[in-house]
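Next, two complexes with subunit A in common: one pairs it with subunit B, the other with subunit C.
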Partner chain A sequence: MAEKFDVIVVGAGPSGNAAAYTLAKSGLKVLQLERGEYPGSKNVQGAILYSDALERIIPDFRDDAPLERHIIEQRMWMMDDESYMGAHYRSNTFNKPPYNRYTIIRAQFDKWFSQKVQEAGALLICETTVSDLIMDDDRVIGVQTDRMGGSVFADLVILADGVNSVLARKAGFRPELNPGDVALAVKEIHFMPQETIESRFNLSGDAGVVIEMVGKITKGMMGTGFLYTNKESLTIGVGCMLSDFKKQAVSPHQLLEDLKGHPSVKPLLEGGEMKEYAAHLIPEGGYKAIPQIYGNGWLVVGDSGMFVNSVHREGSNLAMTTGRIAAETVIGLAQEGLPFTARNLAAYRTALDNSFVMKDLKKYKNLPGIFHSNPQFFTTYPDLMSQAAQTMLTVNGIDKKSKEREIRRSFTHKRSLFGLMGDAFKMWRAFE
Partner chain B sequence: MHIVVCIKQVPDSAQIRVHPVTNTIMRQGVPAVVNPYDLFSLEEALRLKDIHGGCVTVITMGPPQAEAALRKCISYGADEAILVTDRAFAGADTLATSFALAAAINQISKNQAVDMVFCGKQTIDGDTAQVGPGIAKRMDMQLLTYVSQVDSVDTTSRTIQVQRRAEGGVQVLTTQLPCLVTMLEGTNEMRFATMDNMFRAARHQLKIWDRVAAGIEDVSKIGLKGSPTVVSKVFAPQAKTQRAEIIESESGEPRDLALTLVSKLFTQHPSASEAVVKQAA
Partner chain C sequence: MSTAKVEEKLFQNRYKVDTGRPHISIKDPEICTNQCSSQQCAVCCPAGCYTQEGNGRIVLITDGCLECGTCRIICDDHRNVAWEYPRGGYGILFKFG
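This part shows the complex of A and B:
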């Protein structure tokens, strides 16, 4: 006997959990299907948790969620092969609760989040892959799983099945992923004693540091590196556009090895024991890559909808927010007794447009294209900046005015005056 | 036919490590699984149920989180699941565990007579292979260990024929029911749970039995008190390092290489050189 639910949520990551939790709490009959052995077993992220998005779903999450360290210091490093030029911001206001950001370990965090979803009343079934959507004309009426007797029906299906979203693709809701719209990120977790981390990063208690890195570490590819402090481990990783990896024929693994060997990074990892290695695709196409996100009987949330703000390294908060807003839209319709048609579900898109999600993504809509076609931002400039700093800081009997002239010359020589002005304009366009 | 399958939730040994300093097992963060050997016995029990009808009850003694392991068994097709859990069971060795499980199975049989009990050959965390035989002895059941195949069960004559792996061959054994079977690995392949059973497992109300519900009055036979076994020391064996040595000679002639090798062996093993001298004489 095939079962029928109000809503089926496909996937138990941040977006799926946010949606399932909100829906179940309102009393709707919710089934959540997850292909992994348990929620979190297949989920990969940096991972930084932004409190605000979760707080709007579970206000008292800090009471029992497995959190590693709250972030009190952000470091931005622009790197060439030998050096980094950095901007660090550390503030004691970040060290006062309620904390704004935390590092987390997703395998633990997702388990906790899923527990909350089940306590709210959703039925979770793991190790079950949804292979197809069941359609009645152009309306989604259920899902087909890979198990015997695997059809399950619902009034609405929420696709929270991640960046690849095979389901949306199969159903023709969105085109094949474009390698220029996704980044491939790899990361490792290195364990070391808590005291070592605290002394190495000037920390105490549960405070933590994040380092974001750009420059020659990505070998001219569009991407960034990162290093996060967890309680008893460090996460180090790097990610670049998939199309760039293909073009440059660099292996992600080698890129990470080189980053770990950088003279400014190596001492930070010294003595750690690598315990975990993970890789993940991140949808970084931005606003222009967002597909159709609603239709008759279906909604798309999280990575499946390409909701990632690559500039600010925000993804899981957009996932949770889209999951929550999708659920709120559905609850609203259910309360008014309205059917889940495309026309009614369009309210989801409108609500997203009015939220920070779409506003932020819209703001950077030109950025991916600009950085993608101008690798000088990742290679030439870090080099020039580093040379400039070195010229100014090396005391060798040359007067400062001559040094300034030399620095100016190095810039115009490498990029020409016209090129520099063009780059400045492009930067303005990217961040306008 | 009513079959009881005893299972245990164990840490996934593929992911377990020994702490380099304290020599204790680091269980933190290691996922828990159903003891792999128990799954072969569960599948065998389910196959017998497919043929002869009846029901399969899964039982485990363990902490509350062992519920996940039982739920997994329900998803494969077990009908009932009983979690025997009580603080009084803590610290049990195989003697105390088999006492508690035998008592619980006795309780089960009061409701519906038990025809067979299936256990895995052993657990992957304790490796003793003692609990199954312990239960059989206490319940006065026929015992069939290291079974590689259940050939047939005759429900009218109440007999079972199995193949048992023994040293140097396979024994074909026949005995009366009720009996206890411990299954070897690789005897069958666990079925892929149906969607219906996944729903049943997710919603199933497990039976949770404490000491009293399991029918145990004498607390001196359970838990730490009922366990004469003492773990005096746990240690991780030293990893063996075998160093290879490359022998070279200046001339590069095979003859010179052989001579270098022989003289090296004789210096390292004087007894070998004596033997050669003796033989030559």
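This part shows the complex of A and C:
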């Protein structure tokens, strides 16, 4: 392929699709390369889709996007081996269109999004792994693929190649990922009749429920579990920091088995047919882990740039937003006839700094560190909460005042009063 | 407690295996045997691709690989894993993701 493109986008996940769509719509000549058999065939998500980010790119996406259920109820469970203590929030306002959040199945969603990208005029080539960036001095001028037997050239290459970003690492744009900056998530999908899901979760129509879980289920590791309702299936998964998996020598597969066997989870999965087991990394290092995201002839978007807000479980929306903003920066430069140099592309970083993407990530920049050095948030507290609830709810002839005393004692016994106050302060500072 | 084997789970997945061309390899097997006491790849690979042999050796079979990247990142003490994506179109094929 001797042809030259304005822009090559590597990857057809949400970030690459958002970038390619926006660029192609503006009339630029775009080539998108994807290593999977079809877009989505390599990609894994929970998956919750936040409408806002997609709406800004494809306002009428609800007309034909493959959406599973809109979410009307969020459950947060703190768990020990036998119990959970939960906060459930369900509101009918979430049940009125336009809906704000949906569950999706990524293999289907990515295919749909990619169709829109191609309709907008981008050329997509699948089953093609980009093996290297082609450099001229310190400028990226194209990509080397394993398919077309050669090289393809462009004025700009956008790396939308996901968390592992082999390309950015090989090119020396960023160092190897640190086990403390990524989480490994494993998940399964279980199919069951729609009516079963609706009766089990008290749902009707296309409404859905999500459950987020913390506590003993992660065996002392920093992480969370999740259970999401799709139309005719449930997704169950758990993710923890890689540094913790390594330190505690826990098998991710067994971790998921144990979660599925939890007495509060098992009945929800009963009778389902497991149809896929998947694993994927999530960049959770936050603001401080963001690498260099632009240079001469290149830009980085999505997971490849570590754009994930782990506190709010937002990733795909940041991927789409960074993809869109990168494209808008490029379109702006092209319209002014300016070259894609690092100096000019710095406008991308500035635009991100002024958007919710960086503002949110900055807000929580200390949180990953706090959780790392304070594992009690994932171990001691859930345990204590459950014990406290059990003490209060067990009717056994002991007066309530004595019970309160016992609870207070158990809290300060496991963690000093000073420690408890310190923790409260750390959390307050991090969320402030 | 359910104890399904990981192989049983992988059986549900679709793969297009690039026979004879593994995309991941151990750079120096001696390091695994003689210098790596924790051998965390054998515990933490979600697909169980790494197995410990009795004599301290590690055997890697990538057929069931989920392409997550864990083994490469977690081997940070020795950086002993050579890791690439499979050739275009090969490897895991998620139906749902």
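Descriptive notes on the structure:
Here is the rule we go by: the second predicted complex is superposed on the first by the 429 of 432 C-alpha atoms of A that agree within 3 Å, B and C clash if a C-alpha of one lies under 4 Å from a C-alpha of the other, contacts with A are read in each partner's own complex, and residues count from 1 in each chain.
By our rule, a contact is a pair of C-beta atoms (placed from the backbone, for glycine too) under 8 Å apart; a residue touches a chain by one contact, two chains touch by 3 or more.
Fair warning: this is a prediction, and the values are worked out from it, not measured in the lab.
Looking at the shared chain after the overlay, A:Leu184 reaches subunit C, while subunit B stays out of its contact range.
Set side by side, subunit B and subunit C differ in how many residues of subunit A they touch, and the one touching more is C.
With both structures placed on the common chain, the touch criterion links A:Glu3 to subunit B but leaves subunit C unconnected.
Contacts of A:Thr129 after superposition: subunit C is touched, whereas subunit B is not reached. In the superposed pair of complexes, A:Gly149 makes contact with subunit B only, with no contact to subunit C.
Applying the stated contact rule after C-alpha superposition, one finds that A:Ala289 touches neither subunit B nor subunit C. Within the superposed three-chain model, A:Ala65 lies out of touch with both subunit B and subunit C [touch as defined at top].
Overlap of the subunit B and subunit C contact sets on subunit A: residues 37, 107-108, 127-128, 145, 147.
Chain contact summary for the complex, subunit B toward subunit A: residues 29, 31, 192-196, 198-199, 202-203.
Subunit A makes touch with subunit B in their complex at residues 1, 3, 37-38, 107-108, 123-125, 127-128, 145, 147-152. By the touch criterion stated above, subunit C contacts subunit A in their complex at residues 1-4, 6, 9-10, 12-13, 16, 38, 40, 43-44, 46-48, 66-70, 72-74, 76, 79, 83-89, 91-97.
Those residues of subunit A whose C-beta lies close enough to touch subunit C in the complex are 35-37, 40-45, 47, 105-108, 110, 126-129, 131, 145-147, 163-164, 166, 176-179, 182, 184, 186, 188-189, 233, 242, 245-246, 249-254, 257-258, 260-261, 274-281.
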